[in-house]
Amino acid sequence: MTWSAPVALAVVIGMAPLIPGIAAKTKARLAGRRGPPVLQLYRDLGRLWHKGVVYSRVTTWVFRMGPVVGVVTAGLAACLLPLDGRGALITFSGDFVAFAYLLALGRFALVLAALDTGSSFEGMGASREVTVASFAEPALFLAFVALVLATDSLSLGGALGGPLVQAWPAATPALAMVTASLFLVLLAEGARVPVDDPATHLELTMIHEVMVLDHSGPDLAMILFGHAVKMTLFAALLIGAIFPRASLPVLPAIGILVAGLVVVAVAVGIVESVMARLRLTHVPQFLTAASALAALGVILLLVA
Amino acid sequence: MTQIVELLLLLVALTNFVVLGTTRLSTCIRAIAVQGALLGLLPLALYPGGSLHTWGLAAGTILVKAIVLPRFLRWAIREAAVRREVEPRLGYVASLLLGVAAVAAAFAISRQLPLLEQAREMLVPVALATVIIGLLVLTTRTKALVQVVGYIMLENGVYLFGLIHVERVPFLVEVGVLLDVFVAVFIMGIVVFHISREFDSLDTTRLTELTD
Amino acid sequence: MLLLALLGVPAVAAVVAYALPAPGARAAWLGLSASGHLALVALAWFAPPAPVFAGWLALDALGLVVLSTVSGLFAVVAWYAVGYLRRASPRGGRAFASCLLAFLGAATLVAVSHHFALLWVGLEGMTLAVAPLIFHRHDRRSLEAVWKYLVISSVGIALALLGVFFLATAQAVAPGGRPLVLDDLVSGAAGLQPAWLKAAFIFLLVGFGAKMGLAPMHTWKPDTYGEAPPLVGGLMAGALTSCAFLGLARVTQVAVAAGIAPFVRPLLVGFGLLSLIVAAAFLIGQTDLRRLLAYSSVEHMGLLVLGLGLGGLGSYGAVLHLVNNACVKGVMFLAVGNVLLSAGEGPAPVLTGALRRTPASGLLLLVGLFAVTGSPPFGLFLSEFAIVSGAFQGGHYVIAFTVLALLAVIFVSLSARILDAVYGPAPAAARVAESPWLVAGPAALALVTLMLGVFIPGPLFRALADGAQVLGGWAP
Amino acid sequence: MIPFFAGLATIVVAGLAPAVFRRRPARAARAFRGLFVLGAAAAAWPAARVLAGGAAVEVRLRAAVPGGDWVFGIDPLAAFFLIAILLVGAASACYGAAYLAPEAGRRPVAVVHLLTALEVAFLAVLVAARSVIPFLIAWEMMAVLAYFLVVFESDRDEVRRAGLIYLVSTHTGTLALIAMFAFWGQPGGTLTFDALAAAAPVGAGAALIFTLALFGFGFKAGLVPLHFWLPGAHAAAPTHVSALMSGVLIKMGIYGLLRVTQLAGAPPAWWGWLVLCLGLASGVLGVLWALTQHDLKRLLAYHSVENIGIILIGLGVGALGARFDAPVLAAIGFGGAVLHTLNHALFKSLLFLGAGAVQRATGTRVIDRLGGLARRMPLTWTAFLIGSAAIVGLPPLNGFVSEWLVYQGLLRSAHLAPARAALFAVAGLALIGALALACFAKVGGAVFLGQARTAPAREGGEARAGLLVPMFALAAACVAIGGAPVVVVGPALRVGATIAGGGAAGAAAAVGPALGRISLLALLLVTLAWGLWWWRERLLARRIRGAAETWGCGYARPDPRMQYTAASFAAPLAAAYGPVAGVEVVREPDRFHTRPRELVLDHLAIPFWGRVRGWAVKLHPIQHGRLWAYILYLLGTLLLLLLYLALQTGGARP
């Protein structure tokens, strides 16, 4: 671990609120609107952080704990990714299990916080959240398996590091499928179209948004920030898979990461513009397709 | 003496057919009494020296099989006021035909078995035939009393076969045999008596309460 | 002398019992004489008695095992009868004790006779002694039961007699040796005429099999056990069947010695499997507890002949199974008897909830269930394990798995019914007092079978091993 | 071995205490708890020494029945299971003392305590047994005692039914084990495990042994489709017994499989694949069916099926590793299996104890009748939450550690060409984890959070200390293992290596370095979360903290009954899996509800028995009561036998 890892971490976390902003901007532009400023989320966060809070009388400490855990797990998960392309802050054999399960812990906390309100809407959102996640998880893990197979390394630092550079030419179709799968997972985990629609205003159709209806003030800020970090992490994971940067010097590596994040955000925005949201009952099929893609990648790698 | 033995055995076989073919209960009992008497005579014919052992056996057999048992059965008929028909499950003609088949089978089986002496060639098949016909009567007649008769025939068949060993197998055993037959029939008789009291009939087709 | 005493005690006691006027005295006399007999049997373990009557009566290992089993079971049943006769008074009470003692005498004769005709006489005696006991209620059902029992077992016993004569015939071809004496049959087995011997085996198998209750000659069993007083049922299932099995074992002994084991074993195995199948099929949906036990008895008879037929370790298993089966059947029948007593006389209702009405008997029933289904650590587990091992050893995998599958089916039906009887809803909540007379005996038997699962005393093991050896097998 | 047996004896004596001090319940409970914990500690002492690297101990007793000596010993495998048994046993028993106290007088409580003590003692004897006869005795005693415990409330019909199904299943499994041992022990006749290991067959013989082992032990473990007895029995038993059953009793199936693998050598490859696939099926279906349950205890019981699946995945990987001569992989696979066994024992019994506390407080286990208990039972909720997070496999708790180890095994199969297809199980394991998360979100949310849905749920108060202390002891163990996995992973890998026949050092080198990082991660997680919480509290201390009704999206008068129900929560997942989920939707004019179905029990096991029954009943007319036919049977038999004679002899006239 060198100085580059904390720097990259700081860059990613710092950039996180930008990503939804870019996506929203892209979407607005493509629709011919001006859209909110790219930095809108920073502003929202700042404002929320300085507000007071209103709590439902039904809630307990679980409700307040949810956002905290959500942010902390997202941050810790970020420590596990080799954001600078060469090594993570914390790396160990099988650390991507920790990556996924840390994010799962965050989700668990938020879902419980939602259920703590006793609201039927938030219950509905929580239910959908866990449903979607359960279909996304196998795809994510299969993608990891493919990376492990391609690189023969059991840690994220290795799987997204040097060996992947050599693996790309040898197994281009397989890795392409894996990255495609990762992109689909990103859409699901980031609560974006076609799985979820961050811009909807009808609670009955929401997933992630409706889960946090009752949060306010700093709690809501933490949720929004944590969610942005999480989405950024998936984007960073995707970039890591597409552009293994172990051989590049540090600054270009981080530069590519930043550029890549922007590109992914734009891509998300484009998807949101050109696709309609899926019916909820079709989400499982969509994510199963993601799993199938990743599984195909694994099969290709196994056969090779 | 062989001719006498064969004659006696033939008569035994005939009495079997009488039981199979008769419609009357009393005929059945008479036939079984005759068979008992014939069985009593057989040891004397088979072992012409006439030891005390043989004579004793003959006397005992005649006493039990020809006198006491038939008497007892007649007493049971009277006490239980049984109707005098045999009431077969299977027709008389069919029974007779089956009886013939049984005799044929008995002869066939006997030929498979290594025999001891030429003189007793008839003994084994007739014994077996009596056993089989006894079983036949047991299964094809509905009246408890006739079934007892069938059982006595079965025992008679066994006894007939035992006659081969009268010299070798000591006295004690034969007493046991006679005693057993006696006790078995005696107890069966008591039960028959109770059956008639409980069910107002000796028809065992009514004894079908215990099933699964 | 000891042998004569063993035979004499029950015989004299039977006569004395008939003479005793007071019912209480008769019951006590029954218990005392049974205990005396048991003491004599115990003596036989320490001082093996010499053969008498030119070897017609002798006590070998197999006989000793059967005799001890029967005598022990009988002692328990006799003392149980003390309590039982206070609560229920079967008709012909005077003959009740005498018949029981006569039954013991006949059983002793079977166990100690080394002469096939004597053995046959003993078995016939047992059959006849038990008939009046079945007919205790003098109603239609018990009448029907006793009629069927008498006819079928008499037919069976007649065929067995024919078998005995065949055996004599087989021996007569090769003169020399005392006729029908077991030891001479075995030692001169090579000279026996095989065809007659095989015929003898078949008739004895059918005859003794009918006594044991092997399928398809078992048809009398559910009816008889279902109608007899439970203690008589226990004696029949534990002692009468054991003695009949001893007869079958004796003739198997001769057959094995004569080298016709390949002819004999498939027959025994076939009857064993058939009995297991029939028992499994008829246990399903059986609601009457005593009929349930009857089919369970068919099952265990099947296992016995199966072990005998498999040979090897199976022979050892069969002999051990005989002891265990007698104990367990005692426990079960006596416990069911208590449950029936608590329900009162009359046609048996569907009994449930014994644990609430009669806790001790309910518990015994529960213990009996696990013992009778061969659960460790009860003795039946070891014997069934030995029989299954015997099947594997002989390479009969299909048989082994068939047996185990059938045991599983049997377990389902047995446990379903008995657990219902134990735990099910109690019809009347009132608890019924249980006399210690009625509980101590079956409890003792349960302890014995429990002990046999973890501890087989050395002398007993040697006797079992000897028994297995003469049957053409070996002990582990 | 002396402290071991002395400890077990003390446990049994503890079991007698409630009967002895029947008149003084307080003293009885004290004596019971004190002696039980003392005995468990004494018995666990030698096990702990073995796990710490001490030599295995063994004692040989001359047996009075055939089958060779009765050997008892503690080797690493036994020691690992012993720790789980004694820990969970002590916790459950102590809990039981308080849990059953309200029932004293109505039901035979003292008997239950004695049976519980015996159950724990026989479980311990089972894993210590090193020869067949004592093994089978302990096995059956364990099973039968558990039956008696299950039917504690035998006045209820469904309890008796569940008990019967359990008993029949366990006995069937035992018969398979009897077949296995009888077959295995046939050449020698000596039935010590040493002798069995020496006589381990190869080829078809080994296949037979492993098949029977999988059937017999699998029935106990409750792997799909042999799990059908499990939910009913767990739901029917008193709660602390459910905890004991789910925590350790069903694990004896796992123990048996591991022991057989150790004795019989590397299992055939197909067996490894089969176990892996069954593990996946159990895991996915178990958690899916758990999700659809309405009864809290049934739900937890189905989670046992799920976790058995996870354990079997590890076991399958271990078996493949052993087969293909990759001891490191095998050690990691088996190590993951045993570690997850321990962890599941801890958190599942914790969850059951929590469910028991809920039932005591509210009188119901129906999830949709509860709600809002977090306010009235904060401590119970805390413990339950720790258990929930642990069972879902979330860091920083113990479930994460063992699932991570199982993942390690799966991923390392990438290096082993013939076993590489095992990698696909990773997806299954991920799915299991995500579904478990959904399920425990549902449980926590519906039972403890929100508002009470019915009157009983409004009345419940915090559980008594007698219930809480055992729960927190287990929770502490979960946290400790999660925070410092190095304590248990090493021993687990050593156990795995004894089964795999080597590879301890390699496995330790492979996964050892990660353990410190996991601890670090746990530490960071807790510290950061606490720090952020503290910061937030400080921020908010100076601001307005309003209180209001939950936002109803404009609806003014929300009502507790309007809350999202647990059934609705699970509905999208149940719908996605269609008929496999087995949810029956009942639409009535005035009601609309769902009912979980027991797919295997109701559609496979019971119909199968019905078929058997049908065949049997077809035979019943044989016994039609007509004597003449009975004699005909006899005659027919005789004639058939004579025919056989004729064919055999073929007219041998001299």
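By letter and in written order, the chains are A, B, C and D; residue numbering begins at 1 in each of them.
Keep in mind that, in the parts below, a contact is a pair of C-beta atoms (placed from the backbone, for glycine too) under 8 Å apart; a residue touches a chain by one contact, two chains touch by 3 or more.
No experiment lies behind these values; they were computed from the predicted model shown.
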item: Identifier of the chain whose CA centre is least distant from the whole-structure CA centre; value: D
item: B-D or C-D - the one linked by more C-beta pairs in contact; value: C-D
item: Mean-CA-position distance for subunit C and subunit A (Å); value: 76
item: Between subunit C and subunit D, centroid-to-centroid distance (C-alpha), Å; value: 42
item: Cα-centroid distance, subunit B relative to subunit D, in whole angstrom; value: 69
item: Subunit A and subunit D: spacing of chain centres that average the CA atoms, whole Å; value: 35
item: Touching two or more other chains - residue numbers and ranges from subunit C; value: 147-148, 151, 155, 159, 193, 195, 199, 222-223, 282
item: Junction residues of subunit B - those touching two or more other chains; value: 112, 114, 135, 138, 147, 204, 207-210, 212
item: Subunit D, residues touching no fewer than two other chains; value: 620, 623, 625, 627, 631, 634, 642, 649, 652, 654
item: Every chain pair in contact, whichever chains are involved; value: A-D, B-C, B-D, C-D
item: Subunit A residues within the subunit D interface of the complex; value: 49, 51-60, 62, 64-65, 68-69, 71-73, 75-76, 79, 90-95, 97-98, 100-102, 104-105, 107-108, 111-112, 114-124, 126-128, 130-131, 133-142, 144-145, 148-149, 152, 154, 203, 213-214, 217-219, 222, 280-281, 284, 291, 295, 298, 302
item: Subunit B contact footprint on subunit C (complex, rising order); value: 117, 120-121, 124, 128, 131-132, 135, 138-141, 143-148, 150-151, 154-155, 157-159, 161-162, 165-166, 168-169, 172-173, 179-180, 193, 195-196, 199, 222-223, 226-227, 282, 286, 291
item: Touching residues (chain side subunit C, partner subunit D) in the complex; value: 147-148, 151-152, 155-156, 159, 193-195, 198-199, 202-203, 205-206, 210, 216-217, 219-220, 222-223, 263, 267, 278, 280-282, 284-285, 313, 355, 370, 373, 375-377, 381-382, 384-386, 388-389, 391-393, 397, 400-401, 404, 407-409, 411-412, 415-416, 419-420, 423-425, 453-457, 461, 475-476
item: Subunit D residues touching subunit B - in the complex, by the definition given at the top; value: 620, 623-629, 631-632, 634-635, 642, 646, 649, 651-654
item: Touch list for subunit B against partner subunit C, complex; value: 112-114, 116, 131, 135, 138, 144, 147, 151, 154-155, 157-158, 161-162, 164-165, 168-169, 172-173, 176-177, 180, 183-184, 187-188, 191, 194-195, 198-199, 204, 207-210, 212
